[in-house]
Amino acid sequence: MEYVSPEGLRLDGRRPMEMRQLRAELGAVSRADGSAVFEMGNTKVIAAVYGPREVQNRSQQINDKALIRCEYTMANFSTGDRMRKPKGDRRSTEISLVIRQTMEACIMTHLMPRSQIDIFVQVLQADGGTRSACINAATLALADAGIPMCDLVTSCSAGYLNSTPLLDLNYVEDSARGPDVTVGILPKLDKVTLLQMDAKLPMDIFENVMQLATEGCKAVANYIREVLLENTKQLENRRGV
Amino acid sequence: MEQRLANSLIMTVNEKKFIENALVSDIRVDGRRPFDYRNLTIRFGSEDGSSEVQLGKTQVLAFVTGQLVQPYRDRPNEGTFAIYTEFSPMADPSFEPGRPGDSAIELGRIVDRGLRESRAVDTESLCVIAGKLVWSIRIDLHIIDNGGNLVDAANIAALAALSTFRRPECTIGGEDGQELTVHPPDVREPLPLIMHHFPVAVTFGFIGKENIVVIDPTHYEEEVMGGSLTATLNTNGDVCAIQKAGGDGVLQSVIMQCLRIASVKAGDITSKIKSAVESYNTQRALRKIKRHNPSSAVSNAAKHNEESTQVNTETKSIQQSSDTNTSASTHDVTNIGSPEQQSKTLKDAVKPKHKKRKKSTSNANAS
Amino acid sequence: MEAKPSNLVDQLVVPGDVILDLSNMANQTLKLSGGLRQDGDSICVMKAGKLRFMKPNKYWVESSQKRYVPSAGDNVLGVVVDTKPENFLVDIKGPALAFLPVLSFEGGTRRNIPKFEVGTLLYVSVVSANPGMNPELSCMDVNGKAAEYGVLKEEGYMFESSTGLARSLLSSPPHPVLEGLGKKLSFEIAVGINGRFWVNALQSSTVILVGNAIQKSESLSLVQQKIYLEKLLKSIQL
Amino acid sequence: MRGMELSLNHTQKLRLQRALESLESLSSGTNSNASVTVADSIPVNQEDGVLKGHGTTDLDGEVVATVCGVIERVNKLVYVRTLRARYKPEVGDIIVGRVLEVAPKRWRLEINFSQDAVLMLSSMNLPDGIQRRRTAVDELNMRSIFEENDVVSAEVRDFMRDGSLQLQARSQKYGKLERGQLLTISPYLVKRRKQHFHHLEKYGIDLILGCNGFIWVGEHVEVKDDMVEDEHTPTKPDAKSNKSQISQSLEEQEQTYTPLETRQYICRIANAIRVLSTLGFSITLDVILEILDLSTKNGIDIHEMLGAEFCVLVAEKEAERRSLSTRKKR
């Protein structure tokens, strides 16, 4: 199948190195301490953060840092085929684990000992790159909850189809069973915290694709930073003196 | 509370600091350098498709079995391939009995992704009748002892087991071309799987503030490290899968350096697996010659003949069995033990036990 | 009348062995320690090991195992796992966590309770060990002095060993490998009878060498140990 | 816009926008560059020596924010004041909390902090008011003081050695709160003041602005010296109490009866606070009273106070108020 036309356009009309439209909104869940909706094109996820709060299961309490928990779910209506998916299948357990460990790397857990932070992410519409969108939404929600972090984490994916590196794969491109590289970076430190990859790719091409995904992460980081700054200013202005 | 304290590994402050400090002077607690792999031993069981891998103190058992099933609707002419992991508290008290924990699932997913997504096993050759019957390959990974770096050990065990696994040969016959014969191993030599390449997982740990890279971390080092990266590569230098699930951030240049080191290690490990498999195959060939030794066969000859005739009549049409779950427990098939056992396995190969009697009566009725 | 000690003394015994028959013994007091029990008229062995005897009448079975059975008066290496208002919970490889009262330090008062983070390595003595109770530890000797007890320096590395190896490291004549290494290298070592030893030296490589050599020596016979030691010392000089 | 689930019509939308814009222009002059987000570096003069406060960390010699908020500088101290976040207790803060659990010698309170707060039996005055030894009987009667889900006002005492938070209620003004509403808002909207207890005599209402964002609006209760009376009237004999049961229950009824008017005022004030908090305006007594006046003057029903029109009105009013106050300063 042709994923890149001779004119250099992808199926949805993007250029190979073009990202989908980003949209973020803070405060989507009023009960939560922090929440956000994040959209990458047609992929839409919602994240809510509760905490830091008292540890619910005493035996899990950690004496020198906060306990981070994460639950990732995919809404039944998020994909084309509306199947009832069993809760806690292997894929979502793994993604929950990956999101938790990624967020743990940037949350300053030692500042909130003996407490617990819960991150809930739910995919409302899946159109490729859900993992990245979830991480971006979680970052926004954590920042909204005022939880101290040493850096933001932003994520973006890239693939390699028709001998062309493609940024931010959508569902059709994703299901082509080609290589799919998901990268999560700490933009300020310029370090990679999350890196997942499937299928086969020679090493030098992999480096290019990873580089492309990293650029995508940086673009996401700029957008997220703008959103947060705008939000902070708004809150401060409204509050008044 | 106390229970949890007793089950979790508590490292002393001294140990944590020492591991970091020693790494600054390029040495690890077990005397290795940062980029030394532990001793790797690969052993095989008496049956095809089983292997035992020992990596330092880590021990993993892999068992491959095959079964005839209906294929997935979206891939009608491909065999299926699944990985199951078993983390028993025997290997490490921190593993909880019952439901597989996060680490068990992550391990399964990493091995699965490395083998399946890179198409290491030729699944198309596992198709028997398109859309109706394919071989389903199942790998069971049992952790026997956790000495750290389970992923690499499990991956090697899976590769070794896959490369010695053999499935019974099947032929399709009958007027409508829908009749299936599963040939017992002593009638036709069972077939090995077609492996396109060997994706080998190599794990790195990042320890301390400077994120010093170590290869093949022990479970002490795993306790201390801030993050890890598992790269699955083959000998052609292709990257088949990478997993770095959060944790401390590292520079891109470090990741590329890891990949280059991993590629070298993957070459070493692949040749180790291949030589182990080769010696196993020669041994197997020797055993087979012994097996055909007439003296042992004489006593069973009469019964044996009966068996083989029975087998030939045991052909059955697929339509008849489409509702039943056709199964073939191949590890039994390959085991040439007593004739009683064989007769059982042959019947097993075409239908489940509880349907056995019913089926034979219905067959009789039909004829 | 002085009874002859059992003829199995210093021999290997296994569970079920009868070491003494009380029926043909005159009225005599016996002290039985770990691994022995009285079954009617006979004294039976409960665990595999070497039967030991101490004059005048004490018997016990000595064995090497991974777990430690606490007994009063032993000096052990413990790891702090939790802090409670009254006690530190310390892991000494025993069947239950041991309590170290916050006041059992030299000059310990309510005001100067030490602060130990989880994972602090301590050299402590077992004060009491009764079945059904958590063992109690102390960081003082009988005179209430700190003596050698307390926190070990936050460097060096703690190695695990069997109780048998720990005992042989503490025994006299000294453990040949330890003695041999001590002549050539400079390092500190603290051995807990509970199967842990801590090694510290200026160079990390020395710590690793000493620790691994000692761990390896357990599976070697005396002669093999000597050969191993010679080889090892040669390799260092190279 | 955050927290706005109102459906505004076109004019309302424009009016609200204009009001908010004018608010923005009013405050943007003061500290426009002081806002930071996570991982933004904070410009500091390293030579002067900097003390890094809350919400900052050191990254390769650079001071970096760890939360979103506003940079504040006090002499050498640099810190980031967070906006939306959980409550950060300071010793002496007056808070309102909800009892979660009655534990041995203590109550556990939910106060919107990262952990539950602890109110020891020993750090509160018993109903008889006298400082005395707490006996086992007192311990058994703890539920008669506070039960689960009671709302309590107290003061932050200190942090214990293990990091948990201790409260105290050693004054008659602290204690159980009854006959009113508990509102929870974001703590950054409540400023630390000298006065957190307000008695609105005009309406017969108590208003407690807890520093933790829990706000109590309830019927006014006279802080009286209960124990004096109690001591004068020793426990009545059983027979007598039986007789007086009917009269007593009437008496009780009278005690617990809140006049309709007061109840309406409670709701009105509560709704005023709700509107302010959805708009994200800081909540002080003056502002609340002003909104209350606004609602009564315009004849707006209590339930209409949460509607779109009133919300816009409040925003306009606030913009007007703030512009007036800044003009006055000039």
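Should a chain be cited, it is by its letter among A, B, C and D, assigned in written order, with residues numbered from 1 in that chain.
Note that a contact is a pair of C-beta atoms (placed from the backbone, for glycine too) under 8 Å apart; a residue touches a chain by one contact, two chains touch by 3 or more.
To keep track of the chains, here are their UniProt names: A = Putative 3'-5'-exoribonuclease family protein; B = Protein ECERIFERUM 7; C = Ribosomal RNA-processing protein 40; D = Exosome complex RNA-binding protein 1/RRP40/RRP4.
Because the structure is predicted, anything quoted here is derived from the model rather than measured.
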Check: Can you list every chain that touches chain A and also touches chain B (Protein ECERIFERUM 7)?
Finding: C
Next item on the list: Could you say which chain's mean Cα position falls nearest to the mean Cα position of the entire protein shown?
Entry: A
Check: So, what's the distance in Å between the C-alpha centres of chain C and chain B (Protein ECERIFERUM 7)?
Finding: 43
Next item on the list: Round to the nearest whole Å and give the separation of the Cα centres of chain B (Protein ECERIFERUM 7) and chain D.
Entry: 61
Margin query: Rounded to a whole Å, what is the gap between the Cα centroids of chain A and chain C?
Written below: 52
Note to self: I'd like the Å distance between the centres of chain A and chain D, where a centre is the mean of that chain's Cα atoms.
What the structure shows: 35
Notebook entry, point to check: What are the residues of chain C that contact at least two other chains?
Noted result: 82-83, 117-118
Notebook entry, point to check: Which positions in chain B (Protein ECERIFERUM 7) touch two or more other chains at once?
Noted result: 1
Next item on the list: Mind pulling the residue numbers of chain A that touch at least two other chains?
Entry: 151, 189
Note to self: By the document's touch rule, what are all the touching chain pairs in this structure?
What the structure shows: A-B, A-C, A-D, B-C
Checklist line | chain D residues within the chain A interface of the complex | finding: 2-3, 5, 20, 23-24, 26-28, 30-32, 35-40, 55, 57, 59, 64, 66-70, 82-86, 110, 114-116, 162-164, 188-189, 279-282, 318, 322
Note to self: Quick check on the complex: what are the chain A residues that touch chain D?
What the structure shows: 26-27, 30, 33-34, 51-54, 66, 108, 112-115, 143-152, 187-189, 225, 228-229, 231-241
Notebook entry, point to check: Which residues of chain A touch chain C in their complex?
Noted result: 63-64
Next item on the list: Could you please specify the touching residues of chain B (Protein ECERIFERUM 7) with respect to chain A in the complex?
Entry: 1, 4, 102, 105-106, 108-109, 113, 117-119, 226-227, 229, 233-234, 236-252, 255-256, 259-260, 263
Check: What does chain B (Protein ECERIFERUM 7) use to touch chain C in their complex?
Finding: 1-2, 5-6, 10-18, 21-22, 25, 27-31
